[in-house]
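Next come two complexes built around chain A: one with chain B, the other with chain C.
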Partner chain A sequence: MKLARIKAVCAAVLGIAAVHTAIPAAAQTPKRGGTLNYVVPAEPPGYDGHREGTFAMLQPIRPYYSVLIRVDPNNPSTTTDFVCDVCAGKVPEPTDDGKVYTFKLRDDVKFHTGETMTADDVVASFNKIIFPPKGVRSLRRGMFSMVESVTNPDKSTVVFKLKFATNAFIPVLAIPFNWIYQKKILDKDIHWYETNIGGSGPFIFKERQAGAFMRGDRNPNYYHKGQPYLDGIRAIFATKESLRVQAIRGGRADIEFRGFPPASRDDLVKALGKDVTVQESTWNCPIMFSPNHKRKPFDDARVRRALSLAVDRWGGAKYLSKIALVKTVAGITFPGHALSPSDEELKQIAGWWPDLKKSRAEARKLLKESGADLSKTYLFIVRGVDQPYKIIATWLIDQWKQVGINFKMETHPTGPFYAIQRGSKEFDVSTDASCNTIINPLVDVTKYLSDDRASNNYYQYKDREVDALYDKMQRLTDVKAQRKLMFEIAKLTLDTHANQFPVLWWNRIVVHRSYVKGWKVSPSHYLNQALDNVWLDK
Partner chain B sequence: MRKYILKRLLLVIPTLFGAAALVFIMLRLIPGDICEIRMSGDGGYFDQRALDQCREDSGTNLPMMTQFINFIWGLMRFDFGTSMWTGQPVLTEIALRFELSLQVAIMATIIGVIIAIPLGTISAVKQNTWIDYVVRAFSIAGIATPSFWLGILIILGLLMSTQYVLGTPWMPPITYKPIWEAPLYNLSMLIWPTVATGYRYSAVVTRMTRSALLEVLREDYVRTARAKGLWEKVIIRKHALKNALLPVVTIVGMEFAFLMGGLAVTEQVFNLNGVGKLFVDSVLNNDYTMTQSLVMLVVMIFVMVNFLVDICYAWMDPRIRYS
Partner chain C sequence: MNEEAILAKLPGAQAVADVVAPKQSFLAALGTWARNQPVGAVSGLMVIFLILVAVFAPQIAPFDPVETNYGAMTQAPSVQYWLGTDQFGRDLLSRIIWGARTALFIGFTSAILGATLGLVLGVASAYFSGWVDLLFQRIMDVFLAFPLIILAMAAVAVFGTGPDKVILAIMLPFVPRCARVVRSGALAIREMPYVDAARALGYGHMRIILRHMAPNCMAPYLIMLTTFLGQAILIEASLSYLGMGVQEPTAAWGLMLQGGAETYAETAPWIAVFPGLAITLAVFAFNLFGDAMRDTLDPKLRSR
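And then the complex of A and B:
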């Protein structure tokens, strides 16, 4: 009897507890309706995802398209969690020693025209990306260098045959620009998607007002049942950062996906309190400085190494993160990825040593040994963008001064900056970055290969040792072995040969109205932008 | 008069050609490549073949002379081509922005003129009195205050005051709707930039009206009018002001033309999708076709406004008509 009473009390307590825990869960049940207004800092240069590379086109247009696979929208901070979008079930495991990937497609995917998506459409889209015909631009063609063919044995199966097995393939496939187009349209006019929009995504494109906004309505036939939750989306173009901040404050926009600097975050939180929510993530984007290997004294590895040793990365991360959108100390690969070194390993690399005094003493010694002319002032070119380029560049000049090497900072708008960095090469050291879409270190580190192999290496050097290690690493599928080689590449690039140097990794700060639910921050402003799981709790 | 108008119209042709040649050369002197900006921003991965294809598509790989001939040939046929950045026809891109800029320019001109001419006149008539000092201080402050800064203050003021009074911050809309579609919405968006630019505009015109009127009021014919015993009001309105307005009309015309393309920063502050913002974006993006077309558009506006100002001159001053 006593036992029964205890059981009853326990059951009641558990019941109350269950109700209490159920309340927040129920409150989080997505609501239908509303329009999401989001501000985008620039206007899209074109509509074709296969040939463009800027977030300014991805953020407004991605919601109108589907992709084969994507980063899990419910867990976008992961570096390895990919899920099917138009494929059925789970992302398949490879067969034939890792060289064949077979995808089964969903049978309920419809284009906005009403026609059903088949494997023909997927194959035609990927063939346009991987094997573009003459006259067709494909920005990421080279990333698919491992693919031999894309075929479809039937209307619901797509087969990717690789030249060699590699772990780089699935992340490359999940790049959010790999939109699925209709074969019928591509056959008629392969350039149609450059100036028109028509996909199978969660929203249907309705209107573009040149320079002002793009607007879309809910796709009622979307294949992820129940989604999207919003009735519509509106991407508003606003160049000025202060205006974007004020737009959120004044209720003209609900969110800005690219990321604000810390001061803007603090202003919004101060003004709106709990009405805004802040989400932060390390950004797949290191800010870098890179010496011109053809200019004296930077043709000497000792001088380049000294530049890196002079920089207080661990200390700088603490105070720079208060004024600039940088935060994390890491090497050439995204921190926390399976191929990245731990902090302890990183601290073995010159420039990342924890003892700043020792680093700077070594830098001074190297400069002396090299015979570099320290009475001269060298030229440091900087891209004329405040966050984070100009702020970090100003700080770097001070860091280098600490070891006795002086630089003059020259800031140029983006166009002229590229013309110097990539054309005339009239600089000693340049700022740079390496911002990529999906976290895929096997592709991301190609920037550090020789300049005749990497289109985005502008620093006039060839490092065949790094190239060889990279080639070896790319063809491995064992993560442990790859990690070891990756560390060797990092050691050579950052320390022994001292080629190019990440300073800090960007920190993505997204501030949004608290009624915006369902959206989770990812390590890149390109990811998780389908907006099918976003809803408004108004 | 007809001969005068014809002469002015014929002068437009070499002016436009000169401007076209100048803008073409100057744009090519600015270092930078639209394809680099478009495809390899923030140092990320890109395919070199795609970059070469982009240069081919945009025509930037063609010899300079071929590019110039294509540009002039297009201009002669009123074919401005497509924007190298968006791939959309240049005229479509400009049309909507032009509408907005025109509305702001007209509203700012109305505000400017309505404030400036009475203020300038009062200031001249009441020279060296406290009224004159107040008007002068007001106009000097207007000239010294950049419109964009005033714009920022207006937005911040609106946000803070509405949050304080209503509990929810309010700011003007940041996307445009034409006045005939949503008049209240349109005005609630454009009235603030109009005030910001109109203030500076009115300050310039006030100063000009004051000094021109002061000069005219010292003329012999004004003294004669006074000696004849005419009312002061009639002297000022009928005899002095009409002659004093000659330089004022020039200033109003020039300011109007400037507003059509020169409001770049103010437009960014209020997120106005106008011609000025498009100008800045296309220069930063190295979008040659768009920049060239915009420059030609602004040149045409200046030429047209100058032409109208000249006609006004001829209408107001018979000496020009008969010379």
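And then the complex of A and C:
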């Protein structure tokens, strides 16, 4: 068995190495034709990218739409490399002291209806996202808080005027959910895109069979000349992980974009050898636990701090990465980003101290001081998804037990779980995740603001100190100064006020058939999903 | 003077007594039963073994069943970990021993509650007859139209997860099944002279149902009860496997088959094999024991 595992690991290493050796392969002349079959772990709850926020909607539908700018599909691991999609030339530099961005549009972008895309369509789409009319839900409205207006002086120019200069703007603009809709359709029925699909992307939507698949054909009028290389795409829905693994193993699917746990990677590599390629990346997504600040004894910062101190993040990262989609220890910002603290700085924060014995002794002391009732069993609600939620939750319960505080785990399917988190608030501690698209800490950390400012903070607290620091940081453009403030926010959130706690950052493992070329892993399962540069080397 | 005293005074009383009512000690009777029902006896021993394991789990289990151990993740069976460890490094043997407690607690509780409620409802339905019987039976028909597991899943969806709710969910489908079987026997008992006599003496309905009719329906009740035990363990495991039963980190056999067992089926098959074996053996034991009970208690089968 050990030998088998060693073989699997060696094969995995070879697989990962194959990604790097595949760089010359990417330079090969792409072949035309074929259909890309990819498995998706859930079905889309709706079709409107401005309204939804799940990969289950993005992965099957993104290829039917265009965006203004995007992360470079040939270098999606970057945090700064943005390229134009429907805009012409390069992403523009700001003017007017960083407060005005002027985009020139391509003149060859056509909707699948045959009509040409103009600045009217782009402005209508961004106005729907940033200034939605009453009754229209826009999930990313808050992220565009720096935008004052979106206008078009002519049919090929779009102007974004900002309230203040900020380097958070361009990354927000590149979020892959910011699809360009047709103004004509929006004017007629602003809800049309919630239940219909029709964009200007590399593929044209053909059909959806609920519970089975969605498929689309190549757009022959696509504006990036020569692309897409594929004749068609088919998103196959399969909720069970074992089914998705078997689909790739049996050749029914070519790739799964969300990510497999290490054991499934090893199984596939062991079974298929060089026929599969593994691509890995740190994921812009920390798994978290968050106490309900209105429930006793978690209304006491000492108890919340004790929960964080009990968790062995450094040890856990090493071992949990073998069984779950997690790997990296970091704080509230993406590991390695210019605004993130170094490991040495991180180790100054309670819960990230390198000495576990000292941490746990402090946790026991705090629990004792707080007078928390340790004879009680508290309620820990968990999203009913194995990877990584249930795995990490099981581990956390044992971590907390070691400092004397006991939890009962209650798992709920995604819908009821959110209903409890957002509605009834019947929990003491909850699992959570802060999965983001573009790596943009200035926006990604909004989850840690007061609950009346962050729509995804469900934990019933207000922290005006953090809010004030955030507002100050957002108006700065000097990275060093921003970094300093970001660390102060982290100290307050994780240590002093002990509000919410990232545990570990996810690790994305994408295993695909080796004949799938052109696609590169990114730090988010939302990014690089247009599939216009993907081809099959069969 | 009781029957035995009268018999003792009769001439040749001992010889007659030996023929009429041969006396056996409990152990001897058990021995006779075991000789007549060898499969039942073996399964009975397995059931007793499971009960002992469940009762003495804290003393028997070599490790804490919920304690994770980084250094021992997915370890194959060895001298230290007899049945290996799971992906969290938890000892599988300890989790199976503690899982017996979960399985038997939920199994016994739901089977006893379901069968007893079915007994009372079945006897009451037969006793009252008329429109009460008609109404009861149509309601039972509705419940019987659903397969056991589907009804249990629907109940969990309504009540939620956790051991108490799982017990309720498993108990519900048992009620109509037991009530239907008990009712058929109770219909005959209802016509017996002693029931008429009880009515004539002015006893209330509750007293007649609970004191005079229900005790005479014990044979089908016990048969159903033992059958339900195996089924209850299987449903509990199924619900836990589907994520609708007890929750991590509680040790439960079905839960042990979920998640990790699927993911590690190839690299660490022991994670799936041993809990699966535990479920199989427990259900097998209870079902065979139930069959033996039926063969013993059912007069029609006994006379064959």
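Throughout what follows, the second predicted complex is superposed on the first by the 511 of 538 C-alpha atoms of A that agree within 3 Å, B and C clash if a C-alpha of one lies under 4 Å from a C-alpha of the other, contacts with A are read in each partner's own complex, and residues count from 1 in each chain.
Throughout what follows, a residue touches a chain if its C-beta (ideal position, glycine included) is under 8 Å from a C-beta of that chain, and two chains touch if they have at least 3 such contacts.
None of these values were measured; they are calculated from a predicted model.
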Check the residue A:R70 against both partner chains and state whether it touches chain B (first), chain C (second), both, or neither.
neither
Could you say whether A:T411 touches chain B, chain C, both of them, or neither, answering first, second, both or neither?
second
Per the contact definition in the header, classify A:H112: touching chain B only (first), chain C only (second), both, or neither.
neither
Between chain B (first) and chain C (second), which, if any, makes contact with A:T394: first, second, both or neither?
second
Chain A contact check, chain B vs chain C, more residues touched by chain B
Does the superposition put A:R62 against chain B (first), chain C (second), both, or neither?
neither
Have a look at where A:D386 lands relative to chain B and chain C in the superposition and call it first, second, both or neither.
second
State whether A:D266 touches chain B only (first), chain C only (second), both chains, or neither.
second
Classify the contacts of A:S242 with the two partner chains as first (chain B alone), second (chain C alone), both, or neither.
both
Which partner chains sit in contact with A:K318 here, chain B, chain C, both or neither? Use first/second/both/neither.
second
Chain C-contacting residues of chain A that also contact chain B:
242
Which chain B residues qualify as touching chain A in the complex?
30-34, 36-51, 53-54, 57, 85-88, 92-93, 96-97, 152, 155-156, 158-159, 163, 168-171, 173-176, 268-271, 273, 277-278, 281, 284-286
Contact footprint of chain A on chain C as seen in their complex
66-68, 70, 73-74, 76, 87-88, 161-162, 243, 247-249, 259-260, 262-268
In the complex of these two chains, what residues of chain A are touching chain B?
39, 42-47, 51-54, 135-143, 194-195, 209-213, 234, 236-240, 242-243, 246-247, 249-253, 271-272, 285, 288, 413-416, 418-420, 422-424, 432-437, 443-444, 446-447, 455-456
In their shared complex, at which residues does chain A touch chain C?
1, 4-5, 8, 241-242, 261, 263-264, 266-267, 270, 315-316, 318-319, 322-323, 384, 386, 390-391, 393-395, 397-398, 401, 408-411
